[in-house]
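Two complexes are shown next, each including chain A; its partner changes from chain B in the first to chain C in the second.
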Partner chain A sequence: MSVLLSARGLRIAFGGLKAADGIDLDVMEGEFLAIIGPNGAGKTTFINMATGYLRPQAGSITYDGQPILGLKPRRIVKAGIARSFQLPQLFTEHTVLENAALAIAARAGPWAPLAPLLQRRFRAEAEELLDRFGLLPLADRRADALNEGARKLADIAMAVALKPRLLLMDEPTSGVASAEKMAVVETLTRVLRDSRVTAVFVEHDMEVVARFADRVAVWGQGKIMALGPPQQILNDPAVLRDVIGVAPVGDGAGTGKEGAHAAT
Partner chain B sequence: MGDWLSQNGLLLGLATLDGLSYAAAVFMVAVGLNLVFGVLRILNIAHGSLYAIGGYAAASLSLFLSSRGLPEWLSLPALVVAAALVGVLLGPVIERLLLRRVEGQEPVLQLLVTFALFMVLEDLQKLVWGVQPVVSDTPVRLLGNVEIPFGADTIPFTAYQLFVLPGIALLTLVGLAWFLRRTLAGRMIVAVTEDREAARAMGIDAAKVTLLTFTAGAALAALGGALASPVASLVPGVGAQTIVLSFAVVATAGLGRVEGAAVTALLIGLGRAFAVYFEPELEVVVPYIIMVLVLLIRPQGLFGTPETRRI
Partner chain C sequence: MSRSTEILLALIGAALVLALAWAVPWLRFVMTIALAKGLAVLGILLLLRAGQVSFGHALYLAFAAYAVAFGASVVPETLVLLPLAALGAALLGLVVGLFVVRYREIFFGMLNLALSMVFYSVLEKFYAITHGTDGIRLPPTTFAGQTLSNEAQGWAMLVLALLLSLGFGALIRAYLASPMGQALAGIKTRETRLEFMGISGRRVLLAAYVLSALMAGCGGAVLAMTTRHVTPALAYWTASGELVFIAILGGAGSVFGPFLGAVAYELTRVYAAALVADAWQMILGLVLLLVILFAPGGLWGMGRALLARRRSA
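Here is the complex of A and B:
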């Protein structure tokens, strides 16, 4: 397995809070890497730095061997990195199908001003995409009329529509009812594995992490405190005490301070 | 009441027609302002100047055409051509050089910058067109008058104000609503308006969308001015009047729907026209009375939805 994304010596502080204080992290091609850690640790900050939304004060990030720091979010999307946000970013004035078609059209590049959004090639691809996520029956609903699980899936479907090689997800199951959670994760895993997308996701639900991740990185005090397969990390007494003790299983409501960083 | 009606029926009819044509011009300006605010989140005070410059440019072009002895009917398409030129020449320059630099910054700074631009453009107009009223009523003369039967009487009204002005406004309304709802480019504008960050995460070129939207908004303001130019003489200060009135329309309608701007422009246009005919001293305040009354009851405007998104 080759390294797809590589971070070296990342540093960033918000006031006195050191969100990243010398982060070294490699994401391997094809893996699902979970980032866990207490709220406000800097996990979302990492996604923001890797996608051009935030510039670290020091350090470097390379993707597929190329430095990407300083690139605009749109360039990074073009390079093959997509992201989803903690709160779904669906366009509520659009239907689910239109949302998907919009993402496909955005990837398709230059667009004629009067080309219809739901022209045949976009519609067909959008329907196929929604079908993979099991969302086809909801295609004509407005995005704000979905339940949280479907919304999360639709949101990630839009990121997948960009045909990324690497997908960074910020709490893909936060806010989803626990009964629905595993179904959402199953669908995600299946689609991402099928399309050979490498995934990094920030997660608070350890059950989801155990089920979904190939490797787990523990982010705390601005550093990677531990890194390894889930069965090892999730049974590590230090991790249990410092991370899972602070953010117990199921604390996925996502009012985390990282969200505030992302927004400011 | 019946007495009043029979005495004032004619005035009422005239006021309605005047209000309609006035509302048409105001709608063009307000809808452009609304679009631009949506993507840029900057209240562009200089938007009214684009209205004035559009009017001056249309009048100049029309006078130039007749000085060359070209056919008079050319003065009609000249209105649209002049507006498009103003939009395409000034829009990108203003957006790239000025507004882009203050995007996302303090609203006070943005207001000061667009206010400064407004002052500069205002003086530029005086420099180019002078302070004497500029009139070019070729399109109005060309189309002549229509006698509208009204009870036992007829109301003479210009065909230009009756058909061309409201017609083009209606065309703009339908065209814009269709464009924003059905086309790819339109949906991208709506997406950037709704959530710029998410649009960028999708790979939408928000900068390009903003530039094109601003240019279109500028062209719409200029078109409003161009369409009004044959029926109202152009004098310094017309831009200021227009921007204040469009603010009133946008605030009353609430941000968002194109149709909202249309209905509100109609409401305010008619309100003002009735004031002109029946209580002339109220002409200036009527639009704001309407605005205040609406905002007291619905602070988000007639057609706006309360903001629930995170900041």
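Here is the complex of A and C:
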């Protein structure tokens, strides 16, 4: 396996808070890497830095051997890194189908100037995409009329529509009702494995991590405190104590943000 | 609403305008002015889709009007002056746009306002060139090389304005349904997501901005050749406000809105000014308040709701 994304010596601080204080992290091609750690540790900041939204104060990030720091988010997207958001970023006045089609059109561009967005080509691919995510029955709903689980999936579907090599997901299951959580994870795993996407995801639910991740990185105090396969990391007494708190594996960390909170 | 229904409605609307202008000759002038403003308002609608309000689009209208006024002494040919003036306005829109599309909402609106007022001051102060507030009288222009009578020229301008309105209406309708137009609407709700899909929100807005300047330019050129007199008042902030007013009055939901709004606005203005000379602005203000409070979809939204009710009944 080759290294797809490589971060070296990343440093960034917000006021006195050191979100990253010398982060070295390699993402291997084809793996699912989970990043866990307490709230406010800098996990989302890592995604923001890797997608060009934030510039670290020091360090470097290379993707596929090329430095990407300083590139605009849209250049990084074109290079093959897509992201989804903790709070779904959907076009709320558009339908789910239009959201998906717009993402597909964004990838397929340049656009024929006056051909409608929902022309056959984009519509067919959008429907096929939504079907893979189990969202096809909701295709004609407005994006702001979905429940949290569906919004989360639609948000990730829009990132997958860009056909990235690397997908960065910020808490893909936060806000999803606990009963649906594993179904969402199953769907995601299937879709991402099928499309051979390398995935990095920030997650608070250790059950999801155990089920989904090939490797787990523990982010704390601006450093990678531990890195390894889930069975090793999630049974590491130090990690259990400092990051996961008292919650043992399999606790099924509740519903929504509050539940996720409790799990850390 | 289906495409064929909309084409039918557009043709009925055009026929109504022509019939009105034929039945009441002095309304021909009013209708031409209304359509010219409608073209500029169509540009406002485009920007409204992105959630942005320009309080300075009279800049492009006035720029094209003055371009026609200056150009008419060199080439007094309608079919040369109009495209040149409109392209000039579009070019100005590109230059200004590169700067203003970096801003959103109130900052976008106010910057447009400021720039239009700079142009207004230039027109007013450079008396030696622009004749200040006296403005410039235009010589009669030829139409395809023919010197027309006043009557025929009036009809020619109305038909020209009508063709431009139909053409740009169809163009903007297609534009809004295209990925470009849908991304434009995306600026209003989630511009961040656009960027993370690899689309530059600024460029999408810039394209719409230049297009809006082009249409305002067409409107300004028609206006200048119809009134045959241009003054700095064309660029004054109230003229920009009027365009936004008409956009809200007509409704931003469809390309019909701007033209419906412009015709209603001009007719109200003409009749209200004749009936209550001192209070016509108040009447317009009340109408706008009522529209905002009770018909947020504007006149077009009201009309469509009526049509839908009749169909379901």
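Keep this in mind: the second predicted complex is superposed on the first by the 243 of 264 C-alpha atoms of A that agree within 3 Å, B and C clash if a C-alpha of one lies under 4 Å from a C-alpha of the other, contacts with A are read in each partner's own complex, and residues count from 1 in each chain.
Following the convention adopted for this analysis, a residue touches a chain if its C-beta (ideal position, glycine included) is under 8 Å from a C-beta of that chain, and two chains touch if they have at least 3 such contacts.
Not measured: the values here are computed from a predicted model.
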Fit-or-clash call for chain B and chain C when the two complexes are aligned on chain A: clash
Chain B versus chain C as contact partner of A:L102, first or second or both or neither: both
First, second, both or neither for A:H94, with chain B first and chain C second: both
Chain B versus chain C as contact partner of A:R83, first or second or both or neither: both
Chain B versus chain C as contact partner of A:S195, first or second or both or neither: neither
Contacts of A:P113 with chain B and chain C, given as first, second, both or neither: both
Touching partner for A:L162 - first (chain B), second (chain C), both, neither: both
Common interface residues of chain A - those touching chain B in one complex and chain C in the other: 51, 72-74, 77-78, 82-83, 89-94, 98, 102-103, 105-107, 111-117, 122, 158-159, 162
Touch list for chain A against partner chain B, complex: 51, 53, 72-74, 77-78, 82-83, 85, 87, 89-94, 98, 102-103, 105-107, 111-117, 119, 122, 158-159, 162, 263
Residue ranges of chain C in contact with chain A within the complex: 171, 174-175, 177-183, 185-186, 188-190, 192-200
Chain B residues touching chain A - in the complex, by the definition given at the top: 179, 182-188, 190-191, 194-195, 197-198, 200-206, 212, 310-311
Complex contact set, residues of chain A against chain C: 51, 72-74, 77-78, 82-83, 89-94, 98, 102-103, 105-107, 109, 111-118, 122, 158-159, 162
